[in-house]
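Each of the two complexes below includes chain A, the first together with chain B, the second together with chain C.
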Partner chain A sequence: MTAQNHAIATPSAQGALPGQERYVAPIEETPLKEVDSVDESQPARSMWSEAWRTLRRNPLFIVSAVLIVLVLLVAIFPSLFTKGNPNYCDLENSLNPSSPSHPFGYDLQGCDVYTRTIYGTRASLSVGVLTTILVVIIGGLIGAVAGYFGGWVDAVLSRITDIFYAIPLLLGAIVVLQMFRTSTSIWKVVFVLALFGWVSVARITRSSVMEAKNLEFNTASEALGLSRGRNLFKHVIPNSLAPVIVVATTSLGTYIVSEATLSFLGIGLPTTVVSWGGDISAAQNLLRVAPTVLFWPSLALAITVLAFIMMGDAVRDALDPKSRSL
Partner chain B sequence: MGKYVLRRILQMIPVVLGTTLLIYALVFALPGDPVKAMFGEKPVNDAVAAQIRSEYNLDKPFIVQYLLFLKNALTLNFGNTFAGRPVIDVIAGAFPVTIKLALMAFVFEGLFGVIFGIISGLKKGTWYDSVILIVSLLLISVPTFVTGFVGQYLFGVKWQILPVTAGRNPGFLDLLMPACVLGSVSMAYIIRLTRTEVASNKTADYVRTARAKGMSNRAVTMRHILRNSLIPVVTYLGADLGSLMGGAMITERIFNIQGIGNTLWQAILRGEGTLTVSIVTLLVLVFVVCNLIVDLLYAVLDPRIRYE
Partner chain C sequence: MSNTTIEASSSKSGATQSDSAPRPLLEVKDLQVQFTTSTGSFTAVRDSDFTVYPGQWVAIVGESGSGKSTSAMSVLGLLPGTGHVTGGSIKLDGEDITHYTSKQFESIRGKRIGLVPQDPMSNLNPVWRIGTQVKEAIVANGMDVKREKRSELAQRLADSETDGHYHGDDDELFIGSAQLPQLIENARAAVASVTDDAEAVEKAMAHFNEQWVAGSSTRWQVREDLIAAGVPADEAKRIATTYVVGATMDDRIAGLLTEAGLPDAATRARQYPYEFSGGMRQRALIAIGLAARPELLIADEPTSALDVTVQKRILDHLQFLTDSLGTAVLFITHDLGLAAERAQHIVVMYKGRVVESGPSLEVLQHPQHPYTKRLVAAAPSLASQRIISARQRGDAAAADASLDHAAKDAQQIAGSETIIEVQHLVKEFKMPRRKEMFRAVDDVSFSVRRGTTCAIVGESGSGKSTVANMVLHLLDPTSGTVLYEGKDVHSFDRRQLLDFRRHVQPVFQNPYGSLDPMYSIYRSIEEPLKIHGIGNKKTRLARVRELLDMVSLPQSTMTRYPNELSGGQRQRIAIARAMALNPDVIVCDEAVSALDVLVQDQVLHLLNDLQAEQGLSYLFITHDLAVVRQIADDVVVMRQGKLVEHATTDEVFNSPKTQYTRDLLDAIPGGSLKLGLD
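What follows is the complex of A and B.
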């Protein structure tokens, strides 16, 4: 079919007066873009598999995933990475510079800095991971219940959230932990960080549950007779998980930093536990003499935190392309 | 608007009451005898202990203690420290230094955070955007105390440009490095926030309309992109002023600044409940008031927000 056929139509067929010509624009021949076509033979992809596809192609995700896997490996199997014993220290080696078998040198007590940095991974990572799990459980539950049931339940829970929100994480943790100064443990640090950390997750969950609850498919499933409780777990929570996952990933890094800060103040992990925060704290007085002793555990800490923050960024980009990052 | 302000202030009251109760409970209801802490290693005479207990209301039930504390706090009478100095004097002596430090940190993070954020957002994808982004990520992942030590070592010891520590009555130069260290993490967050805001507003419909109408590039950037991008930044900054005061504890310890953070740390170490509770309550109040101001500011800045 040529353009000529389109342009000049027979007047009689168009119902126009004799002598008049009507111009009819040619059909645009541009083919549909590949993006617009839908392959209907394949089952529809869920939001999660769509997100996973985006995530896999993001270099930020690949870098952070590799780092996180590496850090996890070091935390679980520290003996794979070093043959030394972190608690074997010989004052004869005090502040000795690095050598091929001891790449990071020795600290004041004559302990191998490399070995201590490797073994310190477990403590820092455990605090980060355990706190995040606890925070997501507490904050997620409170936020979901408040957002879903609304009314007086929401009013009460929101006021409680406001009260905890008014106390900054580190300040609250310091006030509580100083009482256990003589008997700290990983679990105490985790509980205290979770006690003041759940608020941000609760707030995010509440708003995202409130948004998800008003979507049409919820009205539909409720109309079809699904009970409110079942609806909450079957539809509302899965659909409001995305922002919670993002916040949790990024917060994990924050908790590791908080633990290090508390250990630096001497009220975090006990000195018997090998941790980055404790080692950095011990190295602070050596800054002028031997800056490398402070450098290596700080670097390990920074890389770990960086990995989780980058992972949070990548996950957010994948789950919600429109979202705003902080 | 007036109604909205009043309602927000009224809503603040239960929050402040709840928060102070929580802090009070945490400090006083947990294990540890304050009277014993007061005497340290020295043996305690029972009669003296009993007298101190009644003086500090420690012999009364917990809730009565809290109510008495509230009553006294309303008249700014926070009691005495173990050394016998009125708590309010200690706070009045230390607070101005911290306010000075926090304000300097605030100006630092606001100024540089917004400038770098705008550059980064407008030039998204270029090499200086990447550099700014990487530096801001690094600042977030390195704990403040490490940044503090490194700054102290480089500027104070190695190059000797700035004083290593600040003594009593610190001046501008003494507080310059501590303020930058204190504000560094928030600055990094502000860079990231400004960057995403600018980058997303750059492609907004109203910006395209403005350009289509022939507005100059400069005017579009200043009047449309920046104004809209800075609303969330202003609110972040406002809320951060409150947390800077709390975060000052670490910075003040590193640089030996005799501010409220250091005083609080000393109080905690000595187990001085009254002083601890008073300072924490004060810091929380500052934080809550800052958040209230931010909420009100948000309503003023963004006409789309309705005050219901």
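What follows is the complex of A and C.
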């Protein structure tokens, strides 16, 4: 399809240099479309449905989702996975190796490691999920208010955030938990982790809200008569959720680790609660004698944390603002 | 595409070459460019042909997504992302560069093909001084900073200008800043010795001072200037040979920047990009693009982000510069007027294909392809008239009469029917780290008549958007008043303000920012009705349907989200939302500036039809005078916060009262060209 085939030479074009003669393409090649028509054949897609489409095709997401669903099932219905009782221990079985009915073997106290690992899921996961919920509520609210209203509100809230940021999580948790040694509820761990964990969510929310509030549609809504407070909830917060979700998913895993760390140190969950951290702590002295006792709860912990962190990465890819534009 | 045609065409060009016709510098044939995406491959450019001759300006015109930039970038081997050339050939000076490796491309980039990129704001490295970035271009291409490198074409030109005295080589040595004072001194003595007229000496010296730039002017130019001033040829040659002995790197950097039109270049070279305005940055980029004296310069929308008057100055300068260097320019633009004004040859692209090409005036005055015809018809230019509304178009027989009639009516009620009046409006902003306040708007007064369009025109920084925001009560004025139907807008209490919001609505510039991406189109248009508690779910749905009809979008658009719509469609949604509450006044802040010509034309027609049907009044903020001509009845010209001129559109266009307005009018690209359909 060269120019020569289709060139319509006009009389005045004869003076043109070779290659620059007057050329008009045949209309059939590029039929004119109506100016700026809407393509009605495509299904409508919101940002979330778009993100969902991307997620579904991401192997990282599929693997992590399967793992998370499995972990959730184990946490909610542990009896489906084991017939045993995690607190039934018989010293006769102490450090017995694995057998078909007890695949992970026994620990020093003669408890079945498999059963304890299964039952430990609930404690670890509850701490992770509850802490995340609390952190998102506290951090999200403080960050959103600081970012949206700015000025002295921001100055005060940001300094408070900075103070909490300066306290190392473990150090703070040790100090606070020392005061509640006697409490036997898992809530004390949740509160302590939330107390020192909201800071990162607050910071992310603040910057995300500050970005969203400067977008032009906020001015448009203000000109429509929407009040500032309502604008925050109707437009700004929905538009700043994406990074918060990403951080929350990833942090969920780290909260589980923190819980295990605290339990390992003996100041986390009470010993009456079956938890991975507690079991790892109890198994630490057996590393040389019976490494499997330490290995199984650690593996469960690692897989769970990895699943949540992978999920966070997949969600981040799907909600990436760069892939979102058109 | 078959081999025989290639051979046929190449043997044909071989034949013409023997007739001593100029050889094409760039020959693009049947170019095909594809991008690989996750869902398959997408052809961005197909069967694209164009040719550029040495020293020529060729424009590629088209809307966004037409493949114009992609075509140009494939010449440089700089296709973004997954793009690659899948067919056709690109020849630079007869050599096929289509399948060059990236290393081979590096050797021709800068040296043989220069680039002036589109966005001056993001194309300079913010942590390097301007001079360093120019130096990089000189060093990377191994340029001799002592001598000018002139193309063969420009050498022939120089030869004819100097009556054959031009020798090349040492004749191309630059003036050095170290020798410049002595050169000027000796030139003065030489000129003074041939004339007694003191005034003539001063005039000659003024000319020299302006023309002789260290690192830019060459020995033969100095010699010719001296001879032109009356100095005997021998003496001129002696002075030029003694005092023009080549420049240093710093001289050359400053010289290049001066050539690109940057004043006080030696100082500027030591500054950082953030200290430069958009126009200055674009000049620096031009200096960089031309630093290695390429044979071809690709300018990708080089001035689209700049004000018209700045655009005109920069392009004038670039044209002068490329003419004297013999550089060919491949100029990519969406602006037909600009293309017609600057280029000899024009290539119109649409949906990845070349739909029409030819001598620019001919293409624009006798467009043949329906797309070109459409483009020409939609191009706003000085020649165009105010758009006539659909209703008046229907009334064809009495169209002219009714227009006159309407105008008279409007004038008669002008006194009593002022809907918005702005009185002595002042807005001051606090500058960071400065004591004094910055006056963004300085004593501006004007009025908008009911049912008419008043346009505020000005360049960036003129304060026009600030005025709009004060009219909308989104900003409080420092002093002065905005009256809506005689009532001071800024004295309103909460309830009055909510009521005012029902009557005065904005449409903003950025079609990608003014709709909440999380809201479906239905929710976006419904929002104002909800805020003001109008109707129930059912009536609101009916109203949204009606509004979509009003802006000619299918009702199914309702379920979509902004990211699925084009810029023009989003802007129509924004108009529908603004119309939801049946307002009296719509403030359009650069509402069509970001749109392609055809879409812009469509939106302007829509606004105009709505005005005729609903009796709307518009306050139309724009930087584009050509658009003003199409839509406005009255014009307010603003400059640096002050009102420069306020009159009817006809008065402003036919007899502008101030120099600034005249400059603005002159700067409209293609303003003097008469575009037309056969």
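Observations on the model:
Quick note on the criterion: the second predicted complex is superposed on the first by the 280 of 326 C-alpha atoms of A that agree within 3 Å, B and C clash if a C-alpha of one lies under 4 Å from a C-alpha of the other, contacts with A are read in each partner's own complex, and residues count from 1 in each chain.
The definition used in the following text is that contacts are C-beta pairs under 8 Å (C-beta built on N, C-alpha and C of every residue); 3 or more make two chains touch, one makes a residue touch a chain.
From a predicted model like this one, the values you see are computed outputs, not experimental measurements.
Legend: residue contacts after superposition of the two complexes on their common chain; A:V305 is shown touching chain B, with no touch to chain C.
Contacts of A:Q178 after superposition on the shared chain: chain B is touched, whereas chain C is not.
Of the two partner chains, chain C is the only one touched by A:L226; chain B is not.
In the superposition on chain A, A:L215 makes contact with chain C only, not with chain B. Contacts of A:L287 after superposition: chain B is touched, whereas chain C is not reached. Shared contact residues of chain A with chain B and chain C: 324-326. Every residue of chain A that touches chain C in the complex is listed here, in rising order: 1-5, 8, 10, 12-13, 16-25, 27, 29-30, 32-33, 35-36, 38, 40, 42, 44-47, 50, 215-217, 219-226, 235, 238-239, 324-326.
Those residues of chain B whose C-beta lies close enough to touch chain A in the complex are 14-16, 18-19, 22-23, 26-27, 30-32, 137-138, 140-146, 149, 152-153, 157, 189, 192-193, 196-197, 200, 232, 236, 242-243, 246-247, 249-250, 253, 265, 268-269, 276, 280, 283-284, 287-288, 291. Contact residues of chain C toward chain A in the complex are 1, 5, 8-9, 12-13, 16, 21-22, 24, 27, 29-30, 47, 49-51, 53, 345, 350-351, 353-359, 362-363, 366, 368-371, 374, 472, 474, 497-498, 501-502, 505-506, 508-510, 513-518, 520, 527-528, 531-532, 553-554, 556-557, 559-561, 563-566, 568-569, 574, 577, 581, 598-599, 602.
The part of chain A that touches chain B in the complex is made up of residues 159-160, 162-164, 166-168, 170-172, 174-176, 178-179, 253, 257, 260-261, 264-265, 277, 280, 284, 287-288, 291, 294, 298, 301-306, 309-310, 324-326.
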